[in-house]
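Labels A, B and C are assigned to the chains in the order they are written; within every chain, residues are numbered from 1.
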Amino acid sequence: MKATAHLLILSLFLLGLAGCGKPDRGSEAKTAGGKQITVAVMPKSKGNAYFISCKKGADEAARELNVKLLWDGPTDPDPARQNEIVETWITRGVDVIAAAVENREGISTALRKAREKGIKVITWDSDAQPDARDFLINQATPEGIGFTLMDEAASVLGGKGQFAIITASLTAANMNEWQKYIEQRRAEKYPDIKMAVLRPCDDLKDKAFSEATAILNANPEVKLLMAICSPAVPGASEAVKQSGRKDVKVVGLGLPNDNKRYVRDGITPSVILWNTENLGYLTVQAAVAVAKGELKPGVTNFKGGRLGQLEVKGDNVLLGKPFIFNKDNIEQFNF
Amino acid sequence: MALGALLLVLALLAPGFFRGGQLLSICSTVIPVLLVACGISLVIISRQIDISVGSQFAFCSILAGLLIQAHWPMPLAALAAIGAGACCGAFNGALIAGLGLPSIVVTLATMVTWREGLRWWRQGEFVHDLPETFQWFGLGQAGGQTAVLFITALVFTIMVLGTKYLSAGRFVYAVGSDAEAARLAGIRPHVVTFGVFVIMGALTGLAALLNAVRFNDVDPRTGTGLELQSIAAAVVGGVAISGGRGSLWGVLAGVLLLACIAPALVFLRLPPQWEKALQGGIILLAVTADGWRTVRASRSSLS
Amino acid sequence: MKHKEFFRFETMLVCVLGLEILIFNKTGTNFGTQGNMFEVLRLSTEIGLLALVMTPVIITGGIDLSVGSMLGLCAVVMGKLWRDAGMPPMLAAGCTLVLGAAGGGLNALLITRLNLPPLIVTLGSFSLFRGLAEALTRGVDNFTNFPKSYLFLGQGYLFGVVPAQLPIFAAVSVAIWLLVHRTTYGRSFRAIGFSPEGARYAGIPVRKRLALAYILSGFVSALAALVYVARVGQAKADAGTGYELLAITAVVLGGASIFGGTGSVHSTLLGVLALAVLKIGLTLSDQPGELAGILTGALLLAVLTVEAVARKVSARPLRHSSAVKGI
């Protein structure tokens, strides 16, 4: 019958697929044979301006070191898609994977599987479980980030009042780490400041805008919005601007370019970040070093290309300290 | 009626909801959905469906932003955005009316293709650094919001009058109820269907423009979920999915009702995650009530 | 006549699949390997299950837009039952399956008792189920750290080579194939799709058969959710977003008419394969993920257009003109 005929064709194709092909275990023919190293870097989301600027640095490092750079990830934060991409990279046989992790537990399984197959794994920006990767490329210590954010917030609030936090998602490890230190700093040094509410914005500017509007309307005593993911800072600032409330300010982690106009207007007294291009650059530098075996556990110093010598704290490669952008210096930067 | 009930509950429990600022903010968010819902009602009335509106919306928004960035004058860019929407609609219409392909599948395919194509093109990048004349058409917040409201009201009125008094409007209803009968009565169903999709596209382009000017940059991820919202609003507003029935006033009520759910939750201090569940529940209730009425009517007509 | 039409469609699909394989063999690293072939099947299990169960629904002339949201809801319920109610995974899985069937039952009730159009009912449940999932997790909760024995279902390999979910995929494929092609139920699905009134007059219990189709849909969505959670190792409210559209695409790609009356399970499987190979082949060829989406949409349009043009050319009268039946 026709149906069976097609079933046969189906099975034949499958067999055909299985029969041919010799696996190209790229991870075996590493650097020794002079084969170009393939570095697979995954941002949390391709569409986020923060990661787009990281990519510039990553591209630079890839050119400098003459490695093949694969840059792929979900367009919006999507842990399941991150897993799928990692799995396919395993099949492809890349040399090293560097992932900015959206969901710690979920991706760790896939990363461990990659390690079993001989692929080196590091994380950057946001960590996975420590036994799933060799190193974390950290932009700054979470302590440093959390404390700086809280200190800035406190100086804007004048030591007391209420503020609200807008975060990207409640599952990202780095967001959770920073919140922990924000809270710690607040409890230690600023007991008169209260955090009224915490809302996630799915890393989307528009959603941050509507969340901020709703927070302002439902909590009139909140005088400061702390946006700890980069799309949320301009989103919150725009919400404050459109609400016409002159008594509310915004601080957060954001890119200078996104926030220049709000800093000028005075809505956003300061924005904290680090050099994102350098983060991308360092990630690829470290990835290649790990693939070549130069960067391994026990090392305390690492030469990250043009960045010079950087501190390695345990399994954390540190980029530096958080940097505060405000009215005085923000015009100098272009990213 | 459901809208009235919700508003009553709100008035009692959270009068803050009715403060000018909040209402105005609801109006701004509602406008794009309203325009798109009107367009989609026409499509549904003519017994088709269009699930690609979200992707069309995003595309037109980005296009408008890019053209302004390239220093096109606003009116020209606006026309281009509307025109682009109309072209998308024409593409859908050509395949559906011309080749007789099922509308749900065609618009499913175009939805995916356009959305992914836009993502690939923009790589998630916003359209930044738009000149001052972009936001609120350069009229400032109050002026801009009024302009947007005015334009929407104008278009809505035209559509209501058009569906009632223009023969083209009646053709849509005719084709939706029974295309064969319409054809025999001298109407050309294929032309009507094509036209409906083009109008849908143009309305989407306009909605995209009016939404984009609320901000000073354009997010390529805008328009996500728009198709669901507008179809839901249309259905809740009484447009029958089997075609041939529905009024735009009902659509207006549907749009308002669904748009009020989210802010209502904030004001009633309920967790916001119930928004989707409530929306789904309302859709099902509305459709069930409608179905119940039909079943009861047919039963009584038999006896 | 119907078989011949069908034959042409299926051959076209098989050609597409063959073309994909040829191209990706050249451009993709490690594409043509045994490991990859298993990965293709493994990663497409969930969508495959949804597409399989969508086939009888579409054959009856209906549609079920809620399968993706049902997957999400079941995933979340599975997580909650296991973590918060302390149930052992097997029991939690069983309850989840019952929930899936119940959800399908809700759809079935509204569609059969109130004669509501499936498109709208499942649009409502699409929103409702997803909303319930979000409400249950307050939008952010993520259930993880499932026991290794459970995770084996999605991540383990039998004999080190065959992915653990394949036997499930194969079993369900065979079961649904038998149902649709070898039982009276299957024949009644076709009859209902061709003409519900005619079927009723022919003595077919239309309501019961439709109910079966939708309840089954819910049940298999729950099964897919279990596999998903095991594979990804986490249960979050956004699980399965967009899956319903992929499932519908696979079924339509496989030649089923969205108006009902035609469709076959093996063609749906071909459709699923074609889509999966496309996506994975592109990634292995170092192409961005968006290209897969664009090509999927384009492929769907191309296949439909070719079929429509071929039909017009051979001057066969269309059973249902789009302008007449609309959706």
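Here is the rule we use: contacts are C-beta pairs under 8 Å (C-beta built on N, C-alpha and C of every residue); 3 or more make two chains touch, one makes a residue touch a chain.
Note that the structure is predicted; figures quoted are calculated from it, not measured.
Interchain contacts join each chain to each other chain, per the touch definition above. By count of C-beta pairs in contact, B-C exceeds the other of the chain pairs A-C and B-C. Subunit A and subunit B, compared by their mean Cα positions, are separated by 35 Å. Computed centre separation for the pair subunit A/subunit C is 33 angstrom, with centres defined by C-alpha atoms.
Taking each chain's centre as the mean of its C-alpha atoms, subunit B lies 28 Å from subunit C. Among all residues of subunit A, those that touch two or more other chains are 75. Across the assembly, subunit C contributes 139, 288, 290 as residues in contact with two or more other chains.
Across the assembly, subunit B contributes residues 119 that each touch 2 or more other chains. Against subunit C, the residues of subunit B that register as touching in their complex are 46-49, 95-97, 99-106, 108-117, 119-120, 175-176, 179-180, 189-190, 193, 228, 231-232, 235, 241-243, 271-281, 283-284, 287-288, 290-292, 294-295.
Those residues of subunit A whose C-beta lies close enough to touch subunit B in the complex are 45-49, 52, 75-76, 204-206, 209-210, 213-214, 217-218, 234, 238, 242-244, 257, 261. Per the touch definition, subunit C reaches subunit A in the complex via residues 3, 6-7, 10, 14, 17-18, 21, 25, 28-37, 39-40, 43, 139-140, 142, 144-145, 151, 155, 181, 228, 231-234, 236, 238-239, 264, 266-267, 269-270, 273, 280, 283-284, 286, 288-290.
Interface residues of subunit B facing subunit A in the complex, by the touch rule stated above, are 16, 19, 21-22, 25, 29, 119, 123-126, 128, 141, 215-217, 219-222, 262-263, 266-267, 269.
Subunit A contributes residues 2-3, 6-7, 9-10, 13-14, 16-18, 20-24, 26, 70, 72, 74-75, 78-81, 83-85, 87-89, 91-93, 103, 105-106, 108-109, 113, 169-171, 200 to its touches with subunit C in the complex.
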